[in-house]
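Inspection log for the structure reproduced underneath, given as structure tokens.
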Amino acid sequence: MNPDQLAARVARDIPPHSYVNLGIGLPTRVADHLNPESGVVLHTENGMLNMGPAATGDRIDPDLINAGKQPVTELPGAAYFHHADSFAMMRGGHLDVCVLGAFQVSATGDLANWSTGAPDAIPAVGGAMDLAIGARQVFVMMTLFDKRGRPKLVPSCTFPLTGAGCVSRVYTDVAVFDVGPEGAVIREAFDVPAEQIRDQLAATGLRVR
Amino acid sequence: MNPDQLAARVARDIPPHSYVNLGIGLPTRVADHLNPESGVVLHTENGMLNMGPAATGDRIDPDLINAGKQPVTELPGAAYFHHADSFAMMRGGHLDVCVLGAFQVSATGDLANWSTGAPDAIPAVGGAMDLAIGARQVFVMMTLFDKRGRPKLVPSCTFPLTGAGCVSRVYTDVAVFDVGPEGAVIREAFDVPAEQIRDQLAATGLRVR
Amino acid sequence: MIVASADDAVAGIADGSTVLVGGFGRAGMPYGLIDALIRQGATGLTVVSNNAGNGDTGLAALLKAGRVAKVICSFPRQTDSYVFDQLYRAGQVELEVVPQGTLAERLRAAGAGIGAFFCPTGAGTLLAEGKESRTIDGRDHVLEYPIRGDVALIQAHRADGMGNLVYRKTARNFGPVMATAATTTIVEVGAVVEVGALDPEAVVTPGIYVDRVVNGSPA
Amino acid sequence: MIVASADDAVAGIADGSTVLVGGFGRAGMPYGLIDALIRQGATGLTVVSNNAGNGDTGLAALLKAGRVAKVICSFPRQTDSYVFDQLYRAGQVELEVVPQGTLAERLRAAGAGIGAFFCPTGAGTLLAEGKESRTIDGRDHVLEYPIRGDVALIQAHRADGMGNLVYRKTARNFGPVMATAATTTIVEVGAVVEVGALDPEAVVTPGIYVDRVVNGSPA
């Protein structure tokens, strides 16, 4: 499944009238696949609810940007608020769904998406940890394997954690997994049969039901 | 000095452009003696800055009341905010002056103004403790003696405390006192010479400089 | 979101619920919702509000109907709080007194996902007895925990169809914090307006915090 | 309150000050005040801001001028943060990384007189190492302390003559919390309006939090 197909797949699982935060990068594309009739409301952590699509041309307003600092638009029924209120909204568990990218997710739902732990890296976390622990459901969108073929769904994260046990579902190019205290389960396999994915992951040391 | 003269005396000590909260009861009268040109801004803890005088007649609006639940008015430059923000403003030390009534004040600035400790009393504190600890300067307005002739400025409070060491000045019908870690000092005696007040208080067990 | 009546708005409130009730004195008090709650019949309630009712209406009527097991408030004793006073003296209602700002901040903490906070208010007083305390930067603090509601009943001036709210003057008081602190937030408003009619810069409570809105007439 | 120039606005900022700088990316960034601060010359500063500068302007220029000893921020590393990156790798600037929401909440705590708070964000991660932690209601929390500023430099849309502020869209971001957290709050606005021209229901930062306002042109 390509990234856009995957974004559409995630969009299909977001219940109507949900309040949703879409992380920077791949998750942002989910917005393009939400049915405008669904009543899904987008939150951006820099202080807005009911964010609209990306702004182009004359509609670009330097005072109206998303968390990725890209110009966006405002939909009717929008509200603006300051950073402390915006993150209170997240930390307080008021968002229904948050969709994030990841370097690694563990079978029990640990998330690593802020640092690869490289010794010379400049640490930078932004809102990643707030998003990880804040939403009622945290979905991750990622490829199942990195460019070097190493699995990103793992028995336990080797990269520094963003949040412990916070992810409930992982959407990958190969399959959708539920993760949590009971471990990882294939919820839906796309092009390859589930059994084959299980075998492939078992070879990396990860048992998936 | 009668209560209105005392209110005028307190008003004179409030620096221009101060942000001030006037407690329920006697302190409320200070408002009537503030020079409108002084730029003093009144805060009411139920969520407003730039509160105006009491409302009467047609100007009464049930949605616009002070902390004593009396109808008031709004001055130009007013702002409304919710209770958490209003008390954050107080607790955070942003008010310059708060004027409160008291049952007792100790020479070191302890305040007792919420409970007489009567065993059958229903406890009720309201914003008293927030006001006591919040403002940069807490002034108290009270009679120096209660109706039974017992001093209200005391070596240490016998009534339950509202706040410890929070009062800096006490305006009474007889004299103005500074209180604090160094004890009580007469700052200004009204009709009776300071020495006589000192003797009178010494007889109650309180040493005043 | 928008429901037809106050009775619809309070449907399903369970016995034993913690109910946050907005208002300071009469300003912002959701009288229509409280009356509907009395009709609805839920009992054994814990009520969190600044006061404990005035006269015979609103919270006082709920108390009088015997539905309240406990009151958490800052100032129960008022000149016309005779219903509460009588029940309290008869041992028929439990009371927790919380300084007004701490009450607001504990509600905010619940809404903001803060586990607990060190607060200077009340340190060294009777109300801090039995609470964990700590000196921070030379100042005494008391550890305070969030107050979460199962339900919030609040009043606002206007709502749009998405539940965005604006308030009016000092009737704003506890509404915005209580809206964030309850599982289900129910609002009585003076009027419902079109989505888009409220200025996004001036929305005080975003719709994310609001579950049910009823078009009532504020007292 | 209203001062004539950005230079007047930043007069007196002392070496070694903690300076809170509003803005998220370029939105809400008080460029005029930062440029004036560079001219003013204060050095050895601790800067608290969401980012650590973009390109060669604003915070990046302040860093490049060698005035900053320490940065407290959530996200220093950006595609065009080369000034910071170089100074950091050369060991010429200290860095404290704080999760974005915790940064905002620590600033709020400073403004709200909260001594410390237990926060779930970052619990069990590298950023919680060395911090006091506690499990509350089955959830891990980290104890976080206020961040106070000597000075806040922020940008707003409009101010009235009393310092009441409104912001514009997502340029609001850190401005309102930083205004509460600093001893001296300095604001660059698009325009100053008459007292009474701002809707009291829509004022975001009341004038009590504002010390100096300069009429600047937002970038």
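Letters A, B, C and D name the chains as they come in the text, with residue numbers starting at 1 for each one.
Methods note: a residue touches a chain if its C-beta (ideal position, glycine included) is under 8 Å from a C-beta of that chain, and two chains touch if they have at least 3 such contacts.
The chain lineup, named per UniProt: A, B = 3-oxoacid CoA-transferase subunit B; C, D = 3-oxoacid CoA-transferase subunit A.
Model, not experiment: these values are computed from the prediction.
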Minimum number of chain-to-chain contact steps, subunit A to subunit B: 2
Chain pair showing more contacts of the two, B-C and B-D: B-C
Subunit A-subunit D separation of Cα centroids, rounded to whole Å: 28
Between subunit C and subunit A, distance of the C-alpha-averaged centres to the nearest whole Å: 35
Residue list for subunit A, restricted to those that touch at least two other chains: 74, 80-81, 88, 90-91, 133-134
Touching two or more other chains - residue numbers and ranges from subunit D: 105, 108, 112-114, 119-120, 167-169, 201, 204
Touch-based graph of the chains, sorted into line, ring, star, complete or other: other
Interchain contacts (touch definition) - all pairs: A-C, A-D, B-C, B-D, C-D
Contact set on subunit D toward subunit C in their complex: 105, 109, 112-120, 134, 136-137, 139, 141, 145, 166-169, 199, 201-202, 204
Interface residues, subunit D side, partner subunit B - complex: 108, 110-114, 160-162, 164, 180, 195-196, 198, 200-201, 203, 206-209
Residues of subunit D that touch subunit A when the two form their complex: 24-28, 50, 74-77, 84-85, 88-89, 95, 97-105, 107-108, 119-127, 140, 167-177, 204, 218-219
Footprint of subunit D on subunit B - complex, ascending: 19, 41, 43, 49-50, 74, 76-81, 88-95, 133-134
Subunit C-touching residues of subunit B, taken from the complex the two chains share: 44-48, 61-66, 69, 74, 80-84, 86-88, 90-91, 115, 120-130, 133-134, 160-164
